[in-house]
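Consider the two complexes below, in which chain A is the common component and chain B and chain C are the respective partners.
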Partner chain A sequence: MVSIRSIPSTPGSLTYHDLPWIIEHREERCTLCGRCTSICPTECLHLTYRRHRMPQLDILRKKRGSEFRTFTGIRQSTNLTHRCTGCGMCSMVCPNEAIGPVPNANSNRALFHSHQKGEAWKRGGRRNSQVSLLDQISFNRISMLTDPALDAGRHEFDLNTLLGRVLPPEEYLRRQASGEWIPPVREIFPFVIGSMSFGALSPNMWLGLLQGVAYCNEVLNIPVVMCTGEGGCPPWVLRSPFLKYLVLQIASGYFGWDEIIRAIPEMQCDPAAIEIKYGQGAKPGDGGLLMWFKVSQLIARLRGVPAGVDLPSPPVHQTLYSIEESVMKMIQTLSMAWNFRVPVYPKISASNSAKAVLNNLVRNPYASGLLIDGIDGGTGAAYNVSMDTTGHPIASNLRECYLDLVAQGKQNEIPIFAAGGVGKNGNVTQNGMAMIMLGASGVHIGKYILQAAAGCLGNEKNRCNVCNLGICPKGITSQNPKLYRRLDPDQVAQRVADVFMGIRTEMKKIMAPLGRSQNLPIGMSDALGIGDKDAADRLKIRYVC
Partner chain B sequence: MCRLAMKTAAEPFSPYSVLQAMEAMREGYDGSGLGLLLRGVNFADFNYQSNDPILSGIAHSEAALHRLNDLMQTKGFTLKYDHEFVVKPEMLEARDRHKYFLRVYKQPDAWATWDKERVEHELMLNRLDLRENGIKNNGDLTVFAFWPDVAIIKEVGWPLVVGDALGLSDDRITSRICMAQGRQNTNYGINLYACHPFFIQGIGTMTNGENTAFVPIKEYLSGLNLPGYVGYQSDSEVFAHILHYVIRQLKLPLETYKHVITPLKTSELANHPQGEFLLGLRNVCRRLIIDGPNCIMGSLPDETSILAMDTKKMRPATIGGKPGEWAMASEMCGVDAMIPDRDKSLDFQPMRENTVIVPAHRKEYIIWSQFDPYPLPQAA
Partner chain C sequence: MVQSTNDTIIVTGIDKNGRRISSKSFEEKVQAAFKKSTNLRLLTYGQHNVGGRLLNAEAPVNITVSGPVGQRLGCMARPGATIYCDGPASDDVGYLNIGADIIVNGHATNGVCNAMAQGRVMINGSIGARGLTMTKWNPAYQRPELWVLGSVGDTFAEFNCGGVGVVCGVNPKSKNVMGYRPCVGMVGGLIYYRGETDGSYSTNNVKEVTPDDEQWQWLMERMPDYLRAIGREDILADLSIRSEWHLLISITPQERALIFSGPMPMLEFRGKVWNKGFNGDPLRDIAPGLDRSPIGLIENGDLRRRVPYWANREAAAPCAYYCPIHIPTIDRLRLLREGKGREAYELIMAYTPFPASVCGAICPNLCMENCSRQTVDNPIDVALLGRALRDCPAPQEKPAKPAIR
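Then we have the complex of A and B:
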């Protein structure tokens, strides 16, 4: 049967109220300056000529009629490639508050059309779920009556944690007496900037972070470390004294490691640690997805590949026959590269099987820790289905692993770091401290740092989330100089310092009423309460109501 | 808040004198219980040989007492002396105390060939057996200690009243060390096992204040699966077990205790002569760092006594006395009550880095600082 072509509707046809974000444009305020259309990262806004009916009534002639006025209006594209992502840059640049996106309260029909041209929907960002179990946890064991409360402003607090293999005391004494190798241990701030690669992040963003981290260490005495993510880092950083603030990540693509290995003889100091990525919370079982438009000349050089080609990392390491074998070999090889002076630890996605990995590490004398990344972790690029539905929430996974170590009398011997959703709704210190009291030695924060330090526009309502496309309107995740020069590294560094100073104060404000100041309260689960009985039972903490 | 009083003297004295010091410190405290640890024990009615183990505890029923007798007989212990308390039950709050016992046993003949460590291990296992037996039988048998030269008494009530009720003023029991603590653990519910002083293999400690890092420390000690690291009805029990762990498991000098529970800061260790060793020790013993506020008093099998505080020093204590006789208390008036005729210029309140050690000779006390060189050759 021949379709009727005169009706302009196809299966893929969408109108503006089918889209997740609707542009509200107030014609009477608009001066047609064009700033919104030029800033829009998805080129969703365009000028169109519209006709406006002007009703006319001539009473004396008893005649009615209409005249028409032609005007220039701003409309949003209904083509999904150019859809509005709600980033709000248009309203940010509009001098007259004439334009801005509002979330569509109606059903989002565009979702059904997200698979286009045979491709499943890929995006950057986060899981887009505002639910946070960590937000519900409160700190209930207040020492005020049984003991004098501590003064968060005046007492001395030791807030640092340890990254590195902690020996049983008996073994430490034996090795000390016989002059044997003692595993390296770093004293670091328990909030770590999580792995975001030089490639996923723009040079200005990455260097701004590094500058902020260096300031925290050298001026503020907050020993913050940041992880590079896969893809190495600029050669001058590898040969600089700032390397000691960096955790170098090796992942399944081994990108950037030629450069790193070559730089070893010229390194002024050791890196803080080496992270071997086996999995990540946002896309378990999937490798990195750096698309060709983000592979600039600089990135290509660092990674040792041609520019402008897709760089999908394989889902597993090439050496991986069994996880035990791979973990053992890689940890040992990388420890050896720095002559056993640098802690080496794996990063895995949270999973029902995390305990198996942990128990394997306990038996590996060179393993220095374990980072578990929960389903709420963010990423630069992933398939939507992976990001939203694959993985395990971090809280119960972490708790199980910690209690498993406790049962073996080995708590914190393999320090467990937790990530995935810490600070997703802005409560970064509360979330992090809850994790620590559930048994984490520290937490990794990625999305929060982008939002707090660089003004990332993404949120848990699928706002923006175009990190994968290289069109980040703030210049955070773009390799396009026109975009990333919007971001001033000095200002990023300043925000990093602000953020960590704030976290430090909030940590004291949480620890002081609990009577803790001399040691990070790792595993102090008696301090925690939650108003959800099932979660309380699962996490073995107190149910409060 | 608990009151602590401890006296150590070359000549045995009555525990009642320490209870009077508790009374002097009565202001501002609820006096809900009494725990007494006597070391270097003398019985007026019995010529005690200090190698024989003393079993301290309470049988709450006649059946429990019979069971205890049977158990001890089965294990091969011979009863040498059973101290009869002159009890005035009407003065006690508790109504189910059938018999307080302090019994001296002769250890089984088979043990004669065993080395000291094995004997001490067996003594602990026997105590744990008896304790377990009591718990299984609805708590009708409570055992505080089974160790040579150590007697422990614990009861609910006002300390001096408990002392009167048990006739402790009659000088039939005296000792060279007496540790007294005056409060049941009201933070975690009344339970005789929650009462200080805590004891394990000759090591006894008592504490005031609250150990806010209790749960992670308890979890670590329990996870070691060493016999004896059980109980934890009180957050303060871990102090005794940490001291035991440092001295008996790690076999480190007494001075290490303070380095384990309240290690120096990284910047301080950087300037310490054995800083590198101590930093490593801090890292591996990090799970045993206490967070206070606590004052800790303890005594060891060789009659050494110690006094230390947590880093914040919000539970101060004073030591004072004269050669041959020293007293420590959480309140200065407690020291005054125990040794009034002393030179007060010798009084000392330890700072956060100090451990006060009174050696067995009791001629003087030693103020040891964490900043001092650490006395272990392997750390050099």
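Then we have the complex of A and C:
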């Protein structure tokens, strides 16, 4: 029995108004049905009963004193392990609009206690910053009477991009005439679903995404591809006709590659490409991280690891010692695995040193492209300090790499793909097209697709962001069947189709006024403007006001 | 008042020196001549906007155009006028026509009937691109009509809102009689056609059907008029074979909404394409029998995520809490209510050997001071309960028993 007078006061003691989110519970509306307490992913909400003192203020009464009533209702935990993350599931299930989280407008003192029990703060999501340079870019070169006017609804557009090494015409013809090897090139939709592993995502989410991608390709004729991430790929998917829509990722953890190699002789088709992950924008210099909460029997089986253990990948591939060797050895091995029929490209985190990697790729005959992932990229699990402060914003990094290719006259030969914060505030097509006009051949979107296709609740005000703990209330990043079965793969697939149909239309609406319909305006930076002079100078685009 | 005679007046598009006059001068000559006669013969030399803007409410207006015709023949032409061009015509025939019959005895190039709202354009040949685009229809008047003997060019009937097109497919310029990608943005009107096409019409806007009885009757009633106007009555029988005619009609917004949600329902895709690609569950080898079927947010039974913790006795009643030795008065009352006086007595004796003197006399009874019952009427009188034990015989000696709480 605990005395009501025993009020704890320790260095970590917090009260409601120190927490990032405050639960607003309206007693008069609450029916005590208990749905909020059963849905709360962090077990923050609990039923509580209190004695309420009701002072008697009637001064004419002879007998002064107080009356008491019993309060029964919902209160939030002030224990940081069970803090409110603001996900809002309580208000989603409340039949009576009686409860919901409200962001704390005052200081969030919980931040000072985010390191607990010797562990630095780990979370999922992306950098907690709503600033997006890409959002500020507008498309200013409008062709009206000066160029053939295009109509987004009427004219036909070729919106696809090329993934793979494009040879100069004379070299292409020479090789074709002499029967020499010609590097594989894929024609794909420039918005790629970025690498999210089977493990980071729940089975229903991962398969729902792939189903949507297959629908886009086979029904809508939008050649969307998606990357597996480094968790391997279910063996029956490897042997299915849908493998051609998948970019298989190999990363320093090498999870699931035994199954891939085992399946190669039985594959019905080649994968879209192979991505070699050297770095990731959300956590540069860190490898992948799948926390033990999420290593279920199924994930353990697919990855070839024990269940219920943390799965960190090392920051570097263990057998690589230099940049030249990394590029040469890995690309060659992976190209050879499919007899040089599949494009192979590395993924790096955006960095001041990206140009050095790019120049190595330019000299490598087997390199099919480069993917650069900026600081705003998302992840299923990383240290908060990596996510928030480590890395390089994508726009200027991509731009200087592209201009470096232009200086060498190679910009049409080796595609650069960009990622990290595309669509972070919902403007996915605008962000992606700005990136393309800055020089990207395409963009990868991960977090956006979780938000758009599966209703991910996370945002850049640190809402939810518990992807690492396996308690995702929408079932997107959980491996608990009681959670991930909340997600219907058919509905995810339908949303993927809806999203890509929308992006396709918006791309036309951006391209038509520019007078472009027959090829993607890669590097068409004369169409771009920004109201920030410094950014305009840095990106070498027009300053507009 | 307009003084008209039926004498035909000839207006020529060249001056005395044999030089072409401007479209402006030509139009001024035409308007001057029209004040004298409603029958004009215009010898054009490429002048634009010829034959339109001529209105006479009393007599029919007959305009014959010869020579190289400039663009926009019959531009803004009025009801009651018949404009006959005895050779081929250039771009935009019938531009913004609001009621005239315009007959072209030959081919016409691009933009025929652009933005036309009423009247008929009848072509004895084929036409170029973007015919019947942007047409309108005011229900107070007749629908605009375009009759083409041969084929039409690409992007036909874009944004067609009310026009009726008839493409007969006789000696077509192109084997693909409807041209490439017709009917984009078409929201109204209908198009009859006969002959081969590449099927590239905009499926977001129109669907292909066969003419129903009413539509067929409409066509057959007007066909002789058209053939007479172009002097081809000889082929009426060839154009009267119902099975050769097709119709493109605009689809409703409701039908379009279904198209935009994806041309194949996801459930159908799952059955026809997705499941077949794996010959079963894609995870059957690594997770046999794993049930991944969707569930709700709040579930019971085996799918329940949290088992409730019953917090009975988690907190003490005010009487027990404020009692210096925490006598569970609530339990004592319960036993008494159940008629278990003996057990109640033993319970109290486990806490104090002096219930009558302590609870009944010495103790200030903090239990009673804090009793919740006093908010209803009076607190439980624990002092009385204590005094009631004064005459109870002492319990039998028993081995020492630890306190319950």
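Quick note on the criterion: the second predicted complex is superposed on the first by the 529 of 545 C-alpha atoms of A that agree within 3 Å, B and C clash if a C-alpha of one lies under 4 Å from a C-alpha of the other, contacts with A are read in each partner's own complex, and residues count from 1 in each chain.
Rule of thumb we're sticking to: a residue touches a chain if its C-beta (ideal position, glycine included) is under 8 Å from a C-beta of that chain, and two chains touch if they have at least 3 such contacts.
The structure presented is a predicted model; accordingly, all values stated were derived computationally and were not measured.
With chain A as the common reference, chain B sits beside chain C without any clash. Of the two partner chains placed around the shared chain by superposition, chain C is the only one that A:Leu298 touches, whereas chain B remains out of contact.
By the touch criterion defined above, A:Ala105 reaches neither chain B nor chain C. In the superposition on chain A, contact is made by A:Arg35 with chain C only, not with chain B.
Put chain B and chain C next to each other and count what each touches on chain A; the higher total goes to C.
With both structures placed on the common chain, the touch criterion links A:Cys545 to neither chain B nor chain C. By the touch criterion stated above, A:Ile59 is placed in contact with neither chain B nor chain C. Applying the stated contact rule after C-alpha superposition, one finds that A:Asn412 touches chain B and leaves chain C untouched.
Computed from Cα centres after superposition, the angle at chain A between chain B and chain C reads 70 degrees (steps of 10).
Our summary of the superposed model lists a minimum C-alpha distance of 9 Å between chain B and chain C.
Once both structures are placed on chain A, chain A residues 156 are touched by chain B and, in the other complex, by chain C.
Taken in their complex, chain A has these residues touching chain B: 141, 143, 146-148, 150, 155-156, 158, 162, 166-170, 172-173, 176-177, 182, 185, 187, 405-412, 514-519, 521-526. Within the complex, the chain C residues that touch chain A are 155, 158, 181, 184-185, 260-264, 266-267, 269-270, 273-274, 277-278, 280-287, 290-299, 303-306, 314-316, 321, 372, 375. In the complex of the two chains, the chain B residues touching chain A come out as 187, 209-210, 212-216, 219-220, 222-225, 249-250, 252, 262, 265-266, 277, 280-281, 283-287, 289-293, 310-312, 314, 378-379.
Chain A meets chain C in the complex at residues 1-3, 35, 37-39, 43, 49, 67-68, 89, 92-93, 153-154, 156, 203-204, 207, 211, 214-215, 218-220, 234-237, 240-242, 297-298, 301-302, 481-491, 493-494, 497-498, 501.
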